[in-house]
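You will see two complexes here that share subunit A, one where it goes with subunit B and one where it goes with subunit C.
Let's turn to the complex of A and B:
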């Protein structure tokens, strides 16, 4: 549908919403880089959890339903926390690159950081720089007092291998063998098939939802 | 999701986590899946041993289901011990094949593999090791080629 850049009205059943959350979670877990933030999914899941908790409060205590719903809430909450924590780990690990990518993002491109994550990243960066300066840098000779975190922090390795399952059929995906002697070839990705391949080639397919990392 | 209706005496389908939980609370009896049967599993095991490639499994979660059901509901499953052995044999055969494929994948520096009949449990059991090994090999090789943009840090 059309995106107005503001809030998108996603009409998903609760089951579909949880499925989207699980997909986002797995993709984030297995991708080497920080993926697009999914504020719509997170908002809807939080809303759903609040709704379920309110229902629970109203129900008769000791009802079997209550314990079942409670378990379901805990399970969903676990996935949500794991997803958010996974993102935070990557933000902390690739800090300068994440901030750089977000700052140099073009107008229509989706954000990889939620507003809260962006604020966290900036603050974390500032604290890290202050810490390095106070603990070590200011004691160095004057010409060594600057450090570029952007240059010294390793970038995510996009050439790593990942496992994926195909959700939407794709044709002519380029496979580049490492050695120059072997020529590159293309493969088709059939729906439902599973593959082992380098992340870099299929990164856009993960973003578009055509494949699922497993 | 939606569940039920729960009527006494009538079987109902529920998610696995709920089934195990209810069974632990002694509120129900679990009915094993159709394929969890000695004859069927013998067929599956024999077929897997005969073929070089991976044969399709009766369930993408055959290992998880077997482990959980046999741990928590073995009293509801006829010939549980035989079933446990049969599934383990099949698993062992498949993992051995996987180790061979992984070894040749790394040696021949393949760039792509299709793994349709592998289940998630098998992929994740060997997957991390395989991807990390591939990663290390890649880093070692790219550092052999001077002038290439290796991920080294310039200060």
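Let's turn to the complex of A and C:
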């Protein structure tokens, strides 16, 4: 059956919804930094899964369709779990930077953390800071008792190279030179083409959905 | 100590400045090493939650300090709160479904006595050492990771 989507502007078919989930999942897997949170997709997928499980419970046992639907549920659940796990790993890894970015976010800018992720990140930060303070820092000389995790924890490497496929044609993308002798140049990205390019150059295109990381 | 040499430097003994800076660098390096060591241990303990589940084997707990156990318990709780908030009424257990599903049921062999194990439709299976079973994959994941069951690949 069709799912309602839950958002006011768009009604997605289940196939489109799963496609969006897979796109978000792949982007998150291959991007070096934490991407925008997609609460609408997650909410809809969970609803869809509940719907499918309820259908399963009602249907006859031993029906071939039951196995196939069950398999589909498992598949979708795997993608959703993998997506959320990927985000948690990045949140934990880049903790002070993620929290800083969220705190200094301007009004109207999309959030990179869902409220639940934000709560988790703050708890993890407090937990770790308390631990380090009690086990080591408070025993150190007075001027060494504070440590800035923001300075010590490495930032995500935005200069790494990523593979992408172009979904919407883009013109005049400015590419920075590798070596000092080269000058910066612009390229056009044709729809359907695939590229290996520095993440920093195309980061806004990932956010807007113009390209898909692969 | 640090503060006394700093006050001597303030009183004009410039020859001590280099000594102070050198000493400060050493202290900073030591601080960094200590924190790196402790932080690395925390990362391994964090990985334990995802590997073993919420109850750690005694042999491992024995190697953890009291503060590390407390960190682990708080992390566990934080993670549980997050997972519960995600997937509808029951939440979504993110420590399951680590690998893409290949089939619904898998052949497993029991590596040690575990006792009774309940599967979805209410039936129970007795897991005795060396017994083999054909069970739903998602139910076995945790037990396979804990070393109770072994996935038999044909």
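Everything below uses one rule, namely that the second predicted complex is superposed on the first by the 205 of 214 C-alpha atoms of A that agree within 3 Å, B and C clash if a C-alpha of one lies under 4 Å from a C-alpha of the other, contacts with A are read in each partner's own complex, and residues count from 1 in each chain.
Note that in this section contacts are C-beta pairs under 8 Å (C-beta built on N, C-alpha and C of every residue); 3 or more make two chains touch, one makes a residue touch a chain.
Nothing here was measured: the structure is a model prediction, and the numbers come from that model.
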Joint occupancy of subunit A by subunit B and subunit C, clash or fit: fit
Partner chain in contact with A:151 - subunit B first, subunit C second, else both or neither: first
Touching partner for A:82 - first (subunit B), second (subunit C), both, neither: second
Subunit B versus subunit C as contact partner of A:71, first or second or both or neither: both
A:193 touches, of subunit B and subunit C: first, second, both or neither? first
First (subunit B), second (subunit C), both or neither touched by A:214: first
First, second, both or neither for A:162, with subunit B first and subunit C second: first
Subunit B versus subunit C as contact partner of A:175, first or second or both or neither: first
Touched partner set for A:15, first subunit B, second subunit C, both or neither: first
Three-chain overlay, closest Cα atoms of subunit B and subunit C, distance in Å: 7
Subunit B and subunit C footprints on subunit A, overlapping residues: 71, 75, 152
Sites on subunit B touched by subunit A in the complex: 1, 3, 6, 17-18, 21, 27, 105, 109-116, 118, 120, 123-124, 127, 130-131, 134-135, 138, 141, 151, 153-155
Contacting residues of subunit C [partner subunit A, same complex]: 1-3, 27-28, 31-32, 34-35, 38-39, 42, 46, 65, 67-68, 70-71, 74-75, 78-79, 81-82, 85-88, 92, 94, 96-101, 103-104, 137-138
Contact set on subunit A toward subunit C in their complex: 42, 46-47, 49-50, 67, 70-71, 74-75, 77-78, 80-82, 84-85, 88, 92, 116-117, 119-120, 123-124, 127-128, 131-132, 134-136, 140-144, 147, 152
Subunit A to subunit B touching residues, read off their complex: 14-15, 18, 64, 68, 71-72, 75, 151-152, 154-155, 157, 159-163, 175-179, 187, 192-198, 214
